[in-house]
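After this come two complexes, each holding chain A, first together with chain B and then together with chain C.
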Partner chain A sequence: MTTVAATHSAGPSGRRRRTSTSGLRRRLAPYVFVLPFVAIFLAFSVYPLFYTARLSFTNWHGTGAAEWVGWDNYTYLLTSPAFWSSLGNSAVLWLLIIPVQLVLGVLVAVLLGSAKLKLRGLYRVAFIVPFVTPLVAVAQIWVVLFDQHYGAVNALLGLVGLPDVGWLTTSAWAKPTLALLFLWKTTGFIVIILLSGLQSINGQIYEAAEIDGASKARQLWSITVPLLRRTVMFAVVLQTLAVFQMFAEPFVVTQGGPYNSTTTAGYYLYNHITRADLGTGAANSFLLVILVMVLSLMFVRMLRAKD
Partner chain B sequence: MKRHLLRRRAVLASAGLAAAAPALAACGPDISSDEEGGGSADALQAPTADSPKGEITIWDRSGDLFEVFEGVIDDFNAVYPDIKVNHVAVDIDAKLQNTLITGTDVPDGVFLDDAKIGGYTDYLWNLGEVLKPYLGDIAQQKIDVNTVDGAIYGVPYDLNPGLLFYNATALEAAGVDATAIATYDDLLEAARQYKAAVPDAGPIHLEQSAFLGQLQLEMYASQLGTSIADADGELRLDSPEYLRILQFLDTVQSEGLGTRAEYLTPTDVAEMDNGNQVFYPWAIWFSFAPQQMLTETSGDWRAMELPAWDAGGPRSGAMGGSSFVLPKDGKNADLAWLFYEFLMYDEVGYTAVWGPSDTYPTGLNTSIPAYEPAADPSAPLFEPVEALGGQDLWAVATEAGAQIPGGTPTPAWWDGAVDYLGNDLQRMLDGDMTPEEVIDSSTEQIQTNLVDRQ
Partner chain C sequence: MTATVKHEPRSRPRIGSHAFLMLLLAAFLAPVAWALVSAFKPAGDIVSSPLSFDPSAFTLDNYRAMFQDVPIGQGFANTAVVLVFKGAITMFFAPLAAYAFAKYRFVGQNLIFGAVLVTLMLPTIVLIIPLLLEMKALGWVNTYQALILPGAVDAFAIFWMRQVISAVPDELMDAARVDGCGEFGIFWRVIVPVIRPGLAGLGVLTIMNIYNDFVWPVVVASNERMATLQVVLSTLAQNITGNRIGADYATVTGELLAASSVALIPLLVLFILLQRHFINGIMAGSVKG
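Right, the complex of A and B next:
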């Protein structure tokens, strides 16, 4: 009896302990699960961000103690023609790349999405090949193709009586040539993104439009384009980030020249870092972060406004 | 309600992060109110043990030079059997700065461009003591580029004398005697003669890369005993020497005597191979071109000392070069010194570097030693070069190298000057600026953007 009573008396309290332990576990579990991410996020995102912020107020060349210079690096950059020129170069590249890439991307995605197209798989692979090809190899081909005097492109122009163009050696043509490389390299990736957006459009909408007598062009303009808007905006945000951070293309093909005409925002930042002007580099990267954030928010707002 | 709660949590989380991050960021570099630092003069001492022991990590660039140095390790170990050399191929430009700043896995010795040494001096041993027995025998130009505030931070590796490479066959066919060229005025005259015989020619190379154009400009300046800045970092671009060089290049451009091309790009190679470009004033490492890239005219080219600016003046200037540095945080920098001492100042070592090897069967003929006893014109380390018609390039280069004036240090911001001086030089070659404008514009911009921001 005593045993039974003891058992009975221990029962509810043990259950309470168990309940409270399992409750604590339940409450802690989510935090334990997110802990690895938070730790990594703190170490590799938050810490560098604050470290960079602090660095941006110093004059530090990688050796010795950093000198606190207040807003000097920001003032220097914001009054530096070279900084604005690098942003201008990126903006021009954006204009040369994004509209063309979107129009091309949508058209190619629609073509590749068509059930009537034979060898679709082959074409899809063909479009993605440039994206997975190492940039350095492609860039070397670009240098040879666009050589002013002995490149294949000028040889072709020569066949129709056109003069040689200094594709990589004149300020006027270097940016379009670089934009062409970027377009060729990344359009396949955009096509894949748009293709996935296309496949999410309900086929019945097209069937209904066809019954209503809408032509293919009308369907493209009135159904495909509006319903792809979110995907297109996503692609625009992605490519805006890529264009403003573009580094490898000018690094390998033009080294930012001629006359800094292809020194993009990303390449200009790199120059500060490699020249051990780390304080200015940090300030530059902060200004870039702000710019890219503003642009991204702007695009997201545009997307929301229509929703 | 839920949304409100979520927002509150987000605000709390952000506040937590904001509070934690400055504490984290405090781990950054020390900040002083005034500029501190400057070159530390910690002097490395050589090991005193009879048979030094230990392991050293040596960083070299990947590629053929890595293979050459790799081949010397056995010879080194024959002398120092208890020193294990961990030889690593590394992208030094990408890794060294971070490694030195963090102090993690710092190598004992590193191969480094001369132009970059000035930027790392706080992290490097002053080698003045260990180099003392050799200083009198090392090319002065190499000592100057390795010296900051009186301390020497690199073991000089190679000397890169500027030479005048010329297409002897094409010039002879045009009736131009290149061997008679002694001054830059003679070179201009020879170019005019060649142009008269071959109207499509642009006989003299005009570099179109802003970086290499500036490097070549510094070669001409080195020949005149000057460089972009003095040992105190003061700009000296606004000088009669630079004006003279720029006027020479401007004359080549304005008279149509030059070929504008980037070094060894398809245009450059083609213009050499078709006989339009026949004079190439460049460092000894141009010898790579006739050996590897000029398919039509390989064998037609020769090298001679650069013309002098004034009759009887120095016939060469330095263009590029590298040295070995020893980081203070390396565990066995003193043993690494023994490695470099063997490599550069022991006959077995330098013979293994520049002499015939598995990598270079006829020897390494794109540079010469900075150590004068090793650079004896009468005791060649590499063999005559077939692609230069069997010419004894060793004799030409070592005699030229011996004439390179000293007093030409390289400032830490040299690379950054390319955005100003390098670009302005190209604008001048485009006909958009005068030599005077190049000097005025570059001086002002370099002073504002580089010198004043150090």
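Right, the complex of A and C next:
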């Protein structure tokens, strides 16, 4: 109490000096607060990014001198069947995953979004479980479950008289099996995204539609789907990024096989590292980022065009 | 169409939607449940009758063999170290930076926040190779620093906490300032207590992300001494066959399921205890665009 009285009695000059030092502190404080982020950003994002750019024009293999090769790495990749087939594999996975995930996601989100649904909390929690689990552990479980001779999935099919499927040993089935793993792991996340989108739709629109006699299915198609478009597109962009970077799934479950049928864009990139083919790898990283950005922009454009 | 039509078909679609959701729920929980249960079955049974269920035959043999053959303890220890340090750095410095972005105006603010957004959107794979080379140049390959420092002040955490802190009224800060609180004091004694629910969500999200992280650890910390839990798990089959002479498919499978279960359980328990914070965290994570 006495100190408060003392500062007050110090008069206008004392007070001004106090505010000016604290004013300086106040101006410096934000720089100090963001410094750790900036330091880590410069050291582990900016520097490596410029380094990749330079590396992609060399033929460096991790030791010795790097030789400048100009655009060679880029032309090599763009004319390499293996590079295109890795993109093709990722594109096929995208086609296997995204439509199924969106339909399932919208259906589940709409059902869970209804306040009257019983067990709503239980469903919501249960659908998130796969998203929380470590991908590598689940991928190992996938290997066991989908084994051609000893797996539970084929045993289950056998119960209803269906023949064994070589889930992981035939190139026809390996991609769908990985797609299933990805769908299982991330659909709950997409449901959560769509649920937050649904919450922003005004409930009065449904009341109006109900009065006009629109059926539930009609409401879903004519109100929910169009109004959810923005959220859906956001989900598509996120998942496109994830699918084209898919790495742990082929690494653990199929090692890119059989016959490279699951060598995804992300796994192909990793192969450059194991072969110490770093210049090509750097060029591959850039091509992949450009592709992903172009795809993302395309989806955003599609969204804008319809607005 | 009149209003009378809409009331009668109420219960039928409800049953249908429950059936649909239940079926999906079973499909979503089955793989994990099957693995957790099967890990207790005798290894031979897992392989010969994957669908059988006989609690009287349950055994801990798979677990015992797995702990012998797989360096899973070391994996847990390494993950714990990374979790503690990287988690602490993110949980402290990300909200602090977010506080600067939310409550101060300073020269270069937009530029630095732009850096946050760029970090958010940059695909992780583009940095893997140069980061690995940087670690080699620093002599950091297979060290804790390499696992902890890159990405330690998580950009998404800053982005999210900035939104959370923006919602804290300025009057609270002004009052603290009048009481003689310094700038950091305001953060520590005023902001942090108010945003505790957001921090809880960030905490579980951070634990989940670090615990499950795989791509960077497998590239930079691949030797047995430094491998994190996920890296140890990713090479299970090689680990088991390498450490056990004459291992057949059944023993490998039994140990594989035991190891996967051990890795799943901590997160499942955490999730069950803190599900509300998890869902808040994931929900916030879902609006990062």
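The rule is short, and it goes like this: the second predicted complex is superposed on the first by the 260 of 307 C-alpha atoms of A that agree within 3 Å, B and C clash if a C-alpha of one lies under 4 Å from a C-alpha of the other, contacts with A are read in each partner's own complex, and residues count from 1 in each chain.
Methods note: a residue touches a chain if its C-beta (ideal position, glycine included) is under 8 Å from a C-beta of that chain, and two chains touch if they have at least 3 such contacts.
Please read these numbers as outputs of a predicted model, since none were measured by experiment.
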Side-by-side fit of chain B and chain C on chain A, or clash: clash
First, second, both or neither for A:Leu198, with chain B first and chain C second: neither
Which superposed partner A:Ala109 touches (first chain B, second chain C, both, neither): neither
Which superposed partner A:Ile98 touches (first chain B, second chain C, both, neither): neither
Chain B versus chain C as contact partner of A:Phe189, first or second or both or neither: second
Partner chain(s) touched by A:Pro134 [first = chain B, second = chain C, both, neither]: second
Chain B versus chain C as contact partner of A:Thr169, first or second or both or neither: first
Touched partner set for A:Val144, first chain B, second chain C, both or neither: both
Chain B versus chain C as contact partner of A:Leu49, first or second or both or neither: both
Chain A residues touched - chain C or chain B, whichever exceeds: C
Superposition clash, chain B versus chain C, among 96-104, 222-230 or 402-410: 96-104
Common ground on chain A, meaning residues reached by chain C in one complex and by chain B in the other: 47, 49, 51, 55, 62, 143-144, 147, 150-151
Chain C partner contacts - residues on chain A that touch it in the complex: 22, 25-27, 29-31, 33-34, 36-38, 40-41, 43-45, 47-49, 51-52, 55, 62, 104, 107-108, 111-112, 117-119, 123-145, 147, 150-152, 155-156, 159, 184, 187-189, 192-193, 195-196, 210-213, 216, 234, 237-238, 241, 245, 247-248, 251-252, 266, 269-270, 272-273, 278, 281-282, 285-286, 288-289, 292
Parts of chain A lying in touch with chain B, wherever the complex brings them together: 42, 46-47, 49-51, 53-55, 58-68, 76, 80, 82, 143-144, 147-151, 169, 255, 257-260, 271, 274-277, 280
Chain B - residues contacting chain A, complex: 17, 20-22, 24-25, 27-38, 93, 97, 100-101, 119-123, 208-211, 265-267, 270-271, 412-413, 415-416, 419, 423, 426-427, 449, 453-454
Interface residues, chain C side, partner chain A - complex: 1-3, 5-6, 13-14, 17-18, 20-21, 24-25, 27-29, 31-32, 34-35, 46-51, 89, 93-94, 96-97, 99-101, 104, 106, 109, 112, 115-116, 118-119, 122-134, 136, 149-153, 155, 158, 177, 182-184, 187, 208, 211-212, 214-215, 218-219, 229-230, 233-234, 236-237, 249, 253, 256-257, 259-260, 263-264, 267-268, 271, 275, 278-279, 282-283, 286-287, 289
